[in-house]
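Next, two complexes with chain A in common: one pairs it with chain B, the other with chain C.
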Partner chain A sequence: MGFPKDLSQERIVALITVAIFAMASVALPGFFSPDNLVAIVRSISVLGILALGMAVIIIGRGIDLSMVAIMAMSVAWYLQMLNDGMGEWRALALVLAGVLVIGLANGFLVAYAEVPAIFVTLASASFVFGLVRSQMIGSDAVPVPAGHWLGHLGGMRLADVPVEVYVFAALAFATFLFLRFTKWGRYVYYAGDNPAAARNIGMPVRPMMVLRYVLSALIAFVAGLLTAGSLQSMNTRVVNSTQLYDIVLVAVIGGIGLSGGKGGVRNVLIGAALIGILLNAMTILDIPLLYQNLIKSAILLIAIIVDGVLNPRDEQTAQQGDI
Partner chain B sequence: MSSSVPFRERLQALRYNLIPDHLIGEILTKRWTDNAIPFLALVAVIAIFGSAIPGFFNPFSLQESTRQLGEFTIVVIGLTVVMLGGGIDLSVGSIFALATFAAVGCFFILDLPVWVAFLGALATGALCGAVNGYLVGFLRLRAFLTTLVTFIIGRAVFDILIVQYGAAVQTSFAQSDAWDFIGDGTVMGLSVPILSALVLAIVTHVVLTRARIGWHILAVGGSRRSAHNAGLKVRRTVFLTYVFSGLCSGAAGFLVACRLSGAGPGTGAGLEILALTAAVVGGNALGGGRGSVAKALMGAVIVLVMTNGLIRLGYGTGTNQMVLGLMLAVAVTIDIRWLKNRHKVLNEVYVAPVYLRMGDAQSAEPGSGTPYALNNRLSEAEPIGLGELEGPEDVILDRDDHLYCGTRHGEIVRFFAPDYKRSEVFAHVGGFPLGLAFDRAGNLLSCVGAMGLYRIAPDRTVTRLSAETKRSLTSVQDDARLRDPNDLDIAPDGRIYFTDSTKRYDAHEWTLDSIENRGTGRLLVYDPADGTTRTLLDGYRYTNGVCMAHDGKSLFFSESWACRIHRYWIEGPRAGTAECVIRDMPGYTDNINRASDGTYWMAWLGMRTPSFDLSLRHPAMRKRMTRRLPQDDWLFPNINTGGIVKFDETGRIIRTFGDLSGLSHPMVTSMREHKGELFIGGILNNRIGRYRIEGADPTWTGPDSYWGRT
Partner chain C sequence: MDPIIRMEKITKAYRGVPAVRDADFDLMPGEVHALLGENGAGKSTLTKMMAGAVAPTSGRMLFKGRETVFASPSQALDAGVAMVFQETSLVPSMTVAQNLYLGAEKPLNRLRGIYISAQQFLQSLNFPVDPAAMVETLGAAKKQMVEIARAVHHNAAVIIFDEPTATLTPEEKRHFFALIRRLKARGVSIVFISHALEEALAISDRITILRDGEIVASGPTSGFTRDSIIAAMVGRALSGQLYRERTEAGVRPAGRKILSVQDLSQGAMVRNTSFSIFEGQITGVFGLIGSGRTETFKVVAGITKRDFLRGGSVVLDGRPVRYIVPRTAVKDGIVYVTEDRKAEGFFETMSIAENLYSGLLASGHNRAWLVSRAEMAGLAADWSRRLNIRAINDNARVVELSGGNQQKVVIGKGLIQKPRLVIFDEPTRGVDVGAIAEIHELINRLADEGLAVVVISSYLPEVMNLSDRILVCRQGRIVEEFSPAEATETRIMYAAVH
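Presenting the complex of A and B:
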């Protein structure tokens, strides 16, 4: 291992990932088989897609706690409308409009009303779940209608690799291009590093912020479609599960600093790889789901502590009300 | 009002002088207005659900609701304290669940007595709180995410425990009267949870508002950096708030364990968002420093009535989350916007001008032939302390001919006789010392702007005599405080008569007071015998100079923005009443002092202008002006020209002095006669002027005139 100067969080995590991977390959029977490796990548592709959206938001010094709610509830509503016999395009248009409105509302409240992102998205998650659950759908789980393209999507494979892996790869590449090579992508870093300075030199900080929340809402919808495709239904109970924290975990553990302006797609990939391998290994070891939750949350806590140590704040530089 | 006044103007006069617009601004300056929105929400929620749900107010149903309310309130109080300290605690739900399990486990599985179960629950809460406090307080992690993660960890641990031991609890036969009493019993008609919540609320309120640790918490929440720089132990204080929150959740967990005699997978689920919504809906600010236990209570009632009401009205799954999310978003947005814009709103509405039609004045133009005609005499005054002084509002001389004045730096400067070339700082008072007077014992008394009435003894010790009077019954803002003490004089019996110019503005905002032109100036008296201060007269437009008449039976005082001199009777048949002796002067009246020939000197701080007189008849225009124009463009009294007027007891004007050059004494706020010379001060001037008066008594001094020769 290198020495403290080279020891960024990203490298540590990459090394740990490789180490666990090596250990699991040796110790766990059936871990290092092609099928299992594909299963690992598949298991993390939805999580990874969500983490991409979260990463863009976190780099811009925000957070979106409503992603899982948007993911589950938008698709549940969509499926419900299809099951009720509504036309494909009409249902899709309605859902997209709904997703857009929620993203815009999040972004508007964060950017223009200057409400802390964490409260806005916590509230909107609760609101979206409550609204769809109580007004739009009849039960916790909504099945994909028979013969619908979503149903085929789940079973589709190219060269023995499920289609969501390709979607994840494509989105990761697109996000990489956006963050690295487009003007607005670079702006995300500047706005996240120092919003006031970014605004002073004339960047459209607020519209960009709204755009990011809209993007993350759309990404959540895509992730939801893939989930529904592979499970043939959308279970809205996922909103109350720990999936949301898995997303934050993937982003944070890969080394995307919560104070903004740091990280990129590579960090998401590393974080996703570590979590995917861990989850897969724990499943092979037959650790009950409850204990898996405990282990994941403990890892997240450690990641946050490490993040706090690497990016320390002190009494003089801390922002008032920065909670 | 004469009939020549147009109808529209008369309407304006009624509109602006009768409708108390100024109260809006005064109400908005109150901290308790923060409670208005939550309180209205509380009333609305209770009214709506009380009428929609049959039997909402029936005692038994209330009894059951209050049990839950008590437990919930305890949690919300804990969260509020954390928020006041600038943090947030989302883990209350899982701490609550763990504490419930601890209590249930002690009682049902281990068969321990109730008090051990109680201590177990508290210890669990304190331990979890300490973990949060350590991470957030000492390691300085982000409160929201950290407590979110400890929430998940706590929840995971609880889920594991409940799966393993849930059955053991249900099959236990443990029983105790105390346990059942806490769960079911009442004391004087009140259930145990609601009593505990009340006690906790009162104790927390007292600690937050009266005790050292409470002040520390508010200081840390209000400004972490300042608290750190002031030497408070910021990290420890934050740590303690989380421990307190943990203890509260622990106590609430114990109460619910007694009530339900068990714990299940649903225990404490969703409590964090409920408690957070309650704290924020009640009006506690995110980021700390602003909030109270009362707000926590209001928020708790609003949220609980609302969520329970929705369930009882039969709305389906998810409705609660929808409403909670909406409430949280709205409350947080209102909180943030209100905090950000409160001072803007205040600026918009605070200045509330009134209508005044000034009487026609005699001209003060040089050569106009009126007694007010200004000349250029004061430009001949010899400067004292030129360039060294800033703002000698008032000047005074003692028996040894030394000259004293206040400065805007809060000092009393003394110039030494006979040539007044040398000076020293006689005393440092702070504030802005304005009016000066010597009492019989040779103490120097001063009205210190923004501070109060002060005494400086010959040995230079500074004593505060008065900073407040009795509050009037109908005042909205606190008018007990002396906001702008201006000038004073001392009666033969030693009582000190002094003015407080305005109740609505601080001393440096006198331009706003002149533009508003509302009569809030007062004449007060301080009695050295018992140290009390009383208000004698109220409702004048900027009371200013005070001077005891030569016989000591009455006093003159000036009303600056009305350009008037009044006489207030201390003795005789008209004691306690005031009459106007000079009205409609061409200049704004300031300090008044005795002259050697039995008459009086009076300063003009500025001169009336037709344009400002006209604007006084147009309150709406002045309000627009203060809102839309930068301060430099405001129309307010012309203070580039002033003067000194000499008048006698009957109000007859004897003569007027001015400085037409505008160099030496363009504005005058005070003047003292001493041994045939006049010493001139100006609040915006950089010198004191010394002017020889023709024909004045060369032996006359102020102290002799007041207290006799020694």
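Presenting the complex of A and C:
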């Protein structure tokens, strides 16, 4: 009795995070050092930024599987244009236009053509990858041109903390303000809870949906710039990696219900903290990558099951626009 | 004769709050037993315990004289207790015969074979249903017949109906009652949950009334009257106020014409319909299910689009309008209060305050970009008081409220938008008697304040009691208009059927 109400998923995950953190600090040498803590935060910054975009989409009862493709391919194309000698502003304008077009196309297909988001974004991910890889760039990895601002960005630190941590913090705060205090942010929750009711009461449900996919595409581009900055290149093989999976993992494990209308930035932060600490501890323990994936997938499964138990969706809800 | 089901001191509590408390209930073989009560009185919980869908917290149940605990609905079904739910549990993409034999197929399942035996079985029940028809193509009444046939096919000794007549037309209801009598003649015991008191009085042998989880009255139907049932349900006598006859003097005159609809068409459901709506009075719209009344007003409120070609015209305040989304209609002051509040009315995971606030956020009067928690709390307190919304606490989620309070929340979030034309679609469906009186009072008050009010209802006493003029919808168009003075139940019904 009382279990579902008093122990929300968010609290369970927060407790587990603290427990793992405490255990790792005691048991693992070097875990609780300032350098390692900064490394943890840095490692989850890009993931966390992507998860913020995914969270806004999921709260609105959608999903965006094209984020990693947009992140990698937009920046790869941008770097390629710079390497080919194009001017900074022209390249930036072109790539931003491309990102906007993909976001708009995703949003339009989901909102107006009413194609399930999971298929639209799966297809657009392949499309973006295929188009850019075959037509616009010459090799899998595109380096950041020497002397470019992105190259400096990667090495930049403020008070010993890498710059992407600040970007993550700023975006998290901005997303928090948007979801919590703006009218449009609240619309996301209403539309996620019951799209038909939101439409009837006079909310612009479909335009808002398009806006969310545009936002997630832009956030993916920002995450891509930070990735390229820290690695000095953009490797497009990341599209076929488990990164997309990690984004969903962070969002869902923090307690953002896949049935929509639930969760917020706090859930992303908790999810990111758990995943960051876990990955770092596993790396220190030298657990092979394959086993790491096994552990992550087990955690995602458990999170989705717990989500299903805590946020049951009845038949009627499930019938209206599932992901 | 021994009862087939006997429940002794049965209690079901959710998180310590009893939904049913110390109930003693018995059901005789071959008896039709009506279970009445306001929403949230515990009728559904009580029957779900009989059918194994809910486990009792304490107390015991005897089935055919032996103490029994059903672990699941399928176990209850095997033992002979079947429950027919309001939302049917049939598989829409399968045929009637396949549904009948669902879960009971032989290892080698010959379709032709089951069609033949299904045909014979349906004929033996006198059900005019084609066994080869897809379930999704059937109407509500025929779907229910299939459900019932499935229950009988499982040799159910007890069939529980949860609000079986809510979605049926009068014609279908007559068929349904005939069926109940036939089942009874076969010795089947029937439990019948209903909001329609006349039906319970007409069809049942015994009536049990629940209030707040307790059985407050039980006895042979002959010992009850409409008034005594209502008094027992609400614990006070108010039936005199509800559905009283309309007096000539109380009829409000038509104000300014706010809406005029000419030759409106939309799909197959709305065909060349024309009518006008006036301020300061209640226009009642009566029609059977499938007559296109809801569809007509959904076009008016911008929820669906009228036909692009030959769609007719809608004129609001002398200005032609063609809404593509409800948003523009809301800005023009048209609010539609849905008949299906769960699917398209309220936000179920959210609190009462957030639900009410949605109306203000989305209204045309709200220019603010930021939301304010203080404003939301103030709004919620104000409107909860105005509409007398009762909840366990302020943070209660709407899904946890009773039907009447949910409906008040849905109405409230519409009224917050300061509409000039309010369309209530079945405003008291699935609402308890006490809340019906309050909602009717509210609707009357809105008209007195000068709003144009439309009330769509398939319940004749409601239409006749509320309306200052009555429109009758049939086959996609408004076919007749009555003043309250000339309207009688027979005349309205005569216009509504074809």
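Following the convention adopted for this analysis, the second predicted complex is superposed on the first by the 309 of 323 C-alpha atoms of A that agree within 3 Å, B and C clash if a C-alpha of one lies under 4 Å from a C-alpha of the other, contacts with A are read in each partner's own complex, and residues count from 1 in each chain.
Basically, a contact is a pair of C-beta atoms (placed from the backbone, for glycine too) under 8 Å apart; a residue touches a chain by one contact, two chains touch by 3 or more.
What you are looking at is a predicted structure, and each value in this text was computed from that prediction instead of being measured.
*Asks:* Put the two structures on top of each other at chain A: do chain B and chain C fit, or clash?
*Replies:* clash
*Asks:* Between chain B and chain C, pick out the one touching the greater number of residues of chain A.
*Replies:* Residues of chain A touched, chain B against chain C: more for B.
*Asks:* In the overlay, answer first, second, both or neither for which of chain B and chain C A:124 touches.
*Replies:* A:124 contacts chain B only, not chain C.
*Asks:* Check whether A:189 is in contact with chain B, with chain C, with both or with neither, and answer first, second, both or neither.
*Replies:* second
*Asks:* Looking at A:26, would you say it contacts chain B, chain C, both, or neither? Reply first, second, both or neither.
*Replies:* Neither partner.
*Asks:* Check whether A:301 is in contact with chain B, with chain C, with both or with neither, and answer first, second, both or neither.
*Replies:* first
*Asks:* Using the touch definition from the top, say if A:132 reaches chain B (first), chain C (second), both or neither.
*Replies:* The answer is first: A:132 touches chain B but not chain C.
*Asks:* After the superposition on A, what does A:203 contact: first (chain B), second (chain C), both or neither?
*Replies:* second
*Asks:* After superposing on chain A, which stretch of chain B overlaps chain C: 9-17, 27-35 or 225-233?
*Replies:* 225-233
*Asks:* So chain A touches chain B in one structure and chain C in the other; where do those two contact lists coincide?
*Replies:* In chain A, positions 315-316, 320 sit in both the chain B and chain C interfaces.
*Asks:* In the complex formed with chain A, which residues of chain B make contact?
*Replies:* 86-88, 135, 139-146, 148-150, 152-153, 155-157, 159-160, 163, 223-225, 228-229, 234, 273, 276, 280, 286-288, 315-326, 328-329, 332-333, 336-337, 340
*Asks:* Quick check on the complex: what are the chain A residues that touch chain B?
*Replies:* Those residues of chain A that touch chain B are 63, 109, 113-116, 118-120, 122-135, 242, 245, 248, 258, 290-291, 293-294, 297-298, 300-301, 304-305, 308-309, 312-316, 318, 320-323.
*Asks:* Name, in rising order, each residue of chain A that touches chain C in their complex.
*Replies:* 1-2, 5, 181-183, 185-187, 189-190, 193-194, 196-204, 206, 261-262, 311, 315-317, 320
*Asks:* Over in the complex, which chain C residues touch chain A? Could you list them?
*Replies:* 15-16, 87, 301, 303, 325-327, 329-331, 336, 338, 342-350, 357-359, 361-364, 366, 368-371, 413-414, 417
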